[in-house]
Amino acid sequence: MLRRSFLAALAATALAAGATPAAAQETVKIGLIIPLTGPFTTTGKQLEAAAKLYMEQNGTTVAGKKIELIVRDDAGRAENTARIAGELIQNDKVSFLAGFGLTPLAMATAPIATNSKVPMVVMMAGTSIITERSPYIVRTSFTLGQSAVIIADWAAQNKIKKVVTLVTDYAPGHDAEKSFVDQFKSKGGEIVESLRVPIQNPDFAPFLQRVIDAKPDALYVFTPSGVGAILMKQFVERGLDKSGIRLIGPGDITDDDVLPGFGDAAVGVVTAHNYSTDHPSAKNKEYVAAFRKANAGMRPNFASVGGYDGIHLIYEALKKTGGKTDGDALLAAMKGLKWESPRGPISIDPETRDIVQTIYIRRVEKKNGELYNVEFASFPDVKDPVKAAKK
Amino acid sequence: MNALETIGLEKRFGGIVPTNDVNLKVQEGARHALIGPNGAGKTTLINLLTGVLKPSKGRVKLGNSDITDLSPHRRVSLGMARTFQINQLFADLSPIEAITLVIGEREKLGANFWRAFGSDEKIVSETKAIARQFGLADVLHERTASLPYGKQRQLEIALAIAAKPRVLLLDEPAAGVPEAERHEILETVAALPKDVTVLLIEHDMDIVFGFADRISVLVDGKLFVEGEPKEIENDPRVRAVYLGERTDD
Amino acid sequence: MSSLDTAKDASNVMTRKRSWHWLEYAFWLAAAASVFLLPSQHALLTQIAIWSLFALSLDLLLGYAGIVSLGHAAYFGFGAYVAALFAINFTGEPVTGLLVAGVAAGLLGLVTSLLVLRGTDLTRLMVTLGIALVMYEIANQMSWLTGGADGLTGMPVNPVLGFFPIYFRQANSYAYVLVVLFVLFVVAKRIVHSPFGYSLRAIKGNPLRASSIGIPNNPRLIAVYTIAAAYAGIAGALLAQTTPVVSLTYIDFQRSADVLLMLIIGGTGYLYGGIIGSALFLVAQKFIGNITPQYWEFWIGFALVVIALFARDRGLFSIVERIAAWRKRGAKP
Amino acid sequence: MTEILRIMNLRAGYGEAVVLPDLSLMVERGQSLALLGRNGMGKTTLVNSIVGVTRRFSGRIMLDGNDITSLRPDQRAHAGIGWVPQERNIFKSLTVTENLTAVATPGKWDAGRVFQMFPRLGERRNNLGDQLSGGEQQMLAVGRALVLNPKLLLLDEPLEGLAPIIVDELLAALRRIIAEEKLSAILVEQNAQKILSVTDRAAILERGAIVHEAASAELRKQPRVLENYLGVGKAKRA
Amino acid sequence: MLTILFDGIAYGMLLFVISCGLAVTLGLMNFVNLAHGAFAMLGGYCAYVLVNLYGVPFFASLPVAFMFAAMIGLLAERTLYVHFYNRSHLEQVLFTIGLVFMTSAAVDYFLGSQQRFINLPSYLQGRFDFFGIGIGKYRLLIILVCALILIVLQLILGYTRFGSRLRAAVDDQRVARGLGINVNWVFALTFAVGCGLAGLGGALGAEILSLEPHFPLKFMIYFLIVVSVGGTSSITGPFLASILLGIGDVAGKYYAPRYGGFVIYTIMIVVLVLRPQGLFARGTSK
């Protein structure tokens, strides 16, 4: 009896609590949906910090409109991302959706963007296909293929003949494997063995043992960003570095955010990526200094520039439309935009709405007692190779 | 005609033999009591009879059917029911629900997941009759866990009776019942339907001699003596066991 | 007592538990009204309704049969994938999809139930957890079929029964989910108040006694496990139909753990626990999350500890009941 | 103060079941009491209630003038209760010596003295508890209670299930402890004749109440009384 | 081959040190303590803060990590856990999961969500060859420390009065109380030591398992597997289970990398279905 009355009261409060005040008209709102809890927290934190930094540096008024950033946590779950995106559009009247830490999170939101004609800026997720899921998607991060293909090119040019690939056994890993293997083979390289590691895998020892047995020139690795460190430590621990096997891969594995904790194990690892904290440009030096100052010394990583440039893209598009928030107009404004980012010159491909950027080859080195990805070669104007191949 | 019979029944746990070559015959319609000092193996024996334990050797027969390999619930459907020395009740159900449940299972309606529980008036009137018989009419809808101990004890027996057994095993029905509520239990036991064969396990000699027409004495896992109450009462060997004048071989 | 003298009256007392209290009517009316009155919260309400159904399925297992599971997402996820693949390959009609998903998940439940019959709570926790982990791994490895970590997209969602469109119709979609929840709730209520349902309570309460009054424990447990798995599968299918992507998170450990938490918060064994628990959990997650997107987990954790400290098996209700009891005692010294 | 134990209106049992409805009992210092009665009459419950491992509904228990009613079992043990449980309950994963040292408190009884009294135990001092015979286990159980250096020793069916030779050996030891050391004790037994030879006084328990109390020597001469309360046959109540 | 074995043992040993405390709470006190991993994490972060931020030598940080986790464990036991001993398992689950959420969020708040590694002295890095077996120095250290702990545990359990009191309390709680053993206190101390060991394991294992705020949930499954497969009636059960799990996991992934992810879960299900009390539990319980 009592139980039931409580139930009714509760249901009533639960429902009533839902109502939120209607949005004010003079402001343009950006909904930033990122994982801030769960296993992908670090990505979310980088994105949030970068987005806030940009707004702090460039003011919150664009084309006469006040810009407001609404941050929401989706805990890395697609159903939450989709729900929050819907709520932000419907209840908060946001004019932009942004964030998206993982592929399924972006995929779940794509139809919502299409349906509501709200531009959706993908700041992190890296699977090629995402931008094809909605004409309202623009990407400011990178695609996995960009780094995977470039590192394959670089390897083929640098006397690496035999490679073992080792990727985490999940879809992005499979993509990273495929992009690399196809490209490397087409350049005459040989893949000795392709290993896949379960997602829940605290110990790489058995896989590395197989690598030792296979004696390749290089080990190509792709794992979710945090996991790379463990792998590298174990790589060094088993003396693979001294046996002449080089460790190469997309830049995710030497994530600048975590790199300082890797220890000397990581020194010498060669990766290809779109951004390094160490990128030697004035713009980047200023960016890094400001970012570290605002975030208790935290280093900006490749996720952060996706967020930083994503907000820049939104600002520039608004300037071009004169503050109008019509989705189609904004998209038209975004297509083909070019600018100088902390990572170097970048642009939005007018056809694919995907990012075009320089991919750098970097080697992990110690500078002033800290580890950095030091760039030593660059491949400019790299488009997403997967889409390029489709043409 | 034997209602219940064991043939060379034996149970071993490692080196211990709590049941050792027991050949027990319980006549149809009998009021049979099983007594014996602590540790004689009474509980093991009842667990073997009801199928909670599997014997190491020997057979158990219920009427004419060999039930040695049947699971406990199959034995119930063949007509064997039991009570427990320590109450084994459904704390969250009320007496009426528990009894109705037993009758429903007996009538093979237990797997029905669509009709409302307690909607069959025939079953419910039988439930009510049993409840009245066991003095539970005034607590029909209370939660079992909140009943006084004596009522719980009554319910313990009522549940077994509701299964309409041909053979009923009563394991110390009066254990732990306060003096004030004892006579109710005793009356209940005495008033059990005559066509039901009863095997009673009991320490309380008041109950044993007030009830049983035949007594078996179990000592160290073996059947020691069997006979009419008078014979047992005057058997010097039994006396020795009970008064501590044991002079075992 | 005189009113209880006839069998009919006694029977009424028992069957009354199955009939509806006016507050229950009020609850469902309020839920129905929310379709029209709370358009801004439809997305959240839809999620709550789906989690409610999922928690309800676990309640059938835990609250009535006493089987604790830390891997119930196995059936939820399986149902979701089956529904999505069925829609992609055969028909996008949602109700058909639900039925197919329910049957498929039920079958999986039937097979795996054999593994959870024996053992203690801990063994069951671990075995169910193991089943879910293996299912997760399978879904991940079969990425050619399931999309793996990238998720499975492109599932068509046609109008329900051919006339009631739910794709991108927030209100319709919520109404659809709510109707499914309601129908399955009514069925569950019938089940738990049937002789079968009572035999489950008996097995949960005292398996030894249950078998000694003639209840075949194992077949009954297998049956309820199958039903619960089918319910979970339907819940998964609902989420698949209302979210544009099915991904590995449908089947992960976090989901199994969350549904268990929701159910315990709301309380087990009276069917509304899962609904209340999931509503509280998700509303708290959303609104604390809006205030502190990074650290809402701390406050949820804090709430769990407090609830656990003061609540009993009935979850939050026991706190209310205890306060009420205390006030009653205070009222008449 | 001559009494070592006084139980006042104790009502106790397990869970919901009341086994002892209202029991009062007194044991004098240096006195030993035989507690007799058939199975299931509440003897063990009484002992367990003194130890503190039953549920107490009401009543009070005083030990040596101190109220121990609200003490935990381990505190009661330190207050001076030495317990030989009914099933002996030797700690099976402890050696004989460890069984003694784990619970010992300083005093005149220590492991060495126990081994003096039961040489067989001394020989098996490094064996694990579950490798002992029934008699050895019983000796160990008694020894384990003694090394607590208790004010009151509670022995619950110490002779149960033992071979006759062992019974005699144990009885001799008990006689020494009780008669020579003047240790206060309560002995629960079904085996009346044997135990009456060791104790000063006897009480017969029936359905949770004391129905007869007498000096042991006196009771031994009254086989009819014993038969009445302990034997098989319909109790003919006075 | 032997290298694989070596790696497996090191991994298993680590699992053992972290999980043995859980075996105590779960098996001996019948308490479902899902927050056990949180104590391991606290120990790990304690060592991290000391070594990386304050430059304390690595070896000095290990005992501190142990003490830190043990003290927190004792505090939590006396103030919070003690209220849950006689509650249902579900309430224990609710309570301990709540604790996990709180510690995870708190660690995230104070120390950030990045993965953390403890700076190891250089002489612990790399490895050497020993008759063809590649021996990682750090893994060797783990094996040595864990073996030492195992021996010390066995000694304490086997040859101290506390050890025999603990075994007595486990054998028969009721009689132990009745014979003057303060079982509550014995269990509280044991709980603290278990937490301390978890903390030590967390510090030692940071290098292999890596520290992050979600550590307790991420590895909870592994600890539970160790305890449920090993049974909880002795130290040797979980120890053997850990070693078996370590070797099985490592070897399974080496020889059948495609199915490596299934191996341990399948082993666990099979073991539990066949032997619900655990693989190494004594035949009879109670």
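Which chain is which? They are A, B, C, D and E, in the order written, and residues in each are numbered from 1.
Criterion: a residue touches a chain if its C-beta (ideal position, glycine included) is under 8 Å from a C-beta of that chain, and two chains touch if they have at least 3 such contacts.
Please read these numbers as outputs of a predicted model, since none were measured by experiment.
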Distance in touch steps, counted as few as possible, from subunit B out to subunit D: 1
Distance-maximising chain from subunit B - centres being C-alpha averages: A
Chain located farthest away, centre of subunit D as origin (C-alpha): A
Euclidean distance of C-alpha centroids - subunit C vs subunit D, Å: 55
Chain centre separation (subunit A, subunit C; CA means) in Å: 35
Between subunit E and subunit D, distance of the C-alpha-averaged centres to the nearest whole Å: 43
Centre-to-centre distance between subunit B and subunit A (centres being mean Cα positions), rounded to whole Å: 72
For subunit B, residues contacting two or more additional chains: none
Residues within subunit A bordering two or more other chains: 37-38, 41, 45, 169, 198-200
Sequence positions of subunit C contacting 2 or more other chains: 133, 137, 140-141, 254, 294, 297
Inter-chain touch pairs (all): A-C, A-E, B-C, B-D, C-E, D-E
List of subunit E residues in touch with subunit A within their complex: 3-4, 7-8, 11, 105, 108, 112-117, 119-120, 122, 125-127, 134, 136-139, 207-210, 212-214, 218-219, 221-222, 249-254, 257-258, 260-261
Subunit E partner contacts - residues on subunit C that touch it in the complex: 62, 68, 115, 118-123, 125-127, 129-131, 133-134, 137, 140-141, 253-254, 257, 260-261, 264-265, 268, 294-295, 297-298, 300-309, 311-313
Residues of subunit D touching subunit E in the complex: 51-53, 72-74, 76-78, 81, 83, 85, 89, 91-94, 98-99, 101-103, 105, 129, 144-145, 148
Sites on subunit B touched by subunit C in the complex: 50, 52, 71-73, 76-77, 81-82, 84, 88-93, 96-98, 100-102, 104-106, 109-121, 124-125, 127-128, 137-138, 140-141, 159-160, 162-163
In the complex, subunit E residues that touch subunit C: 26, 32, 80, 83-84, 87-95, 97-106, 108-109, 217, 221, 224-225, 228, 258, 261-262, 265-266, 268-269, 272-273, 276-277
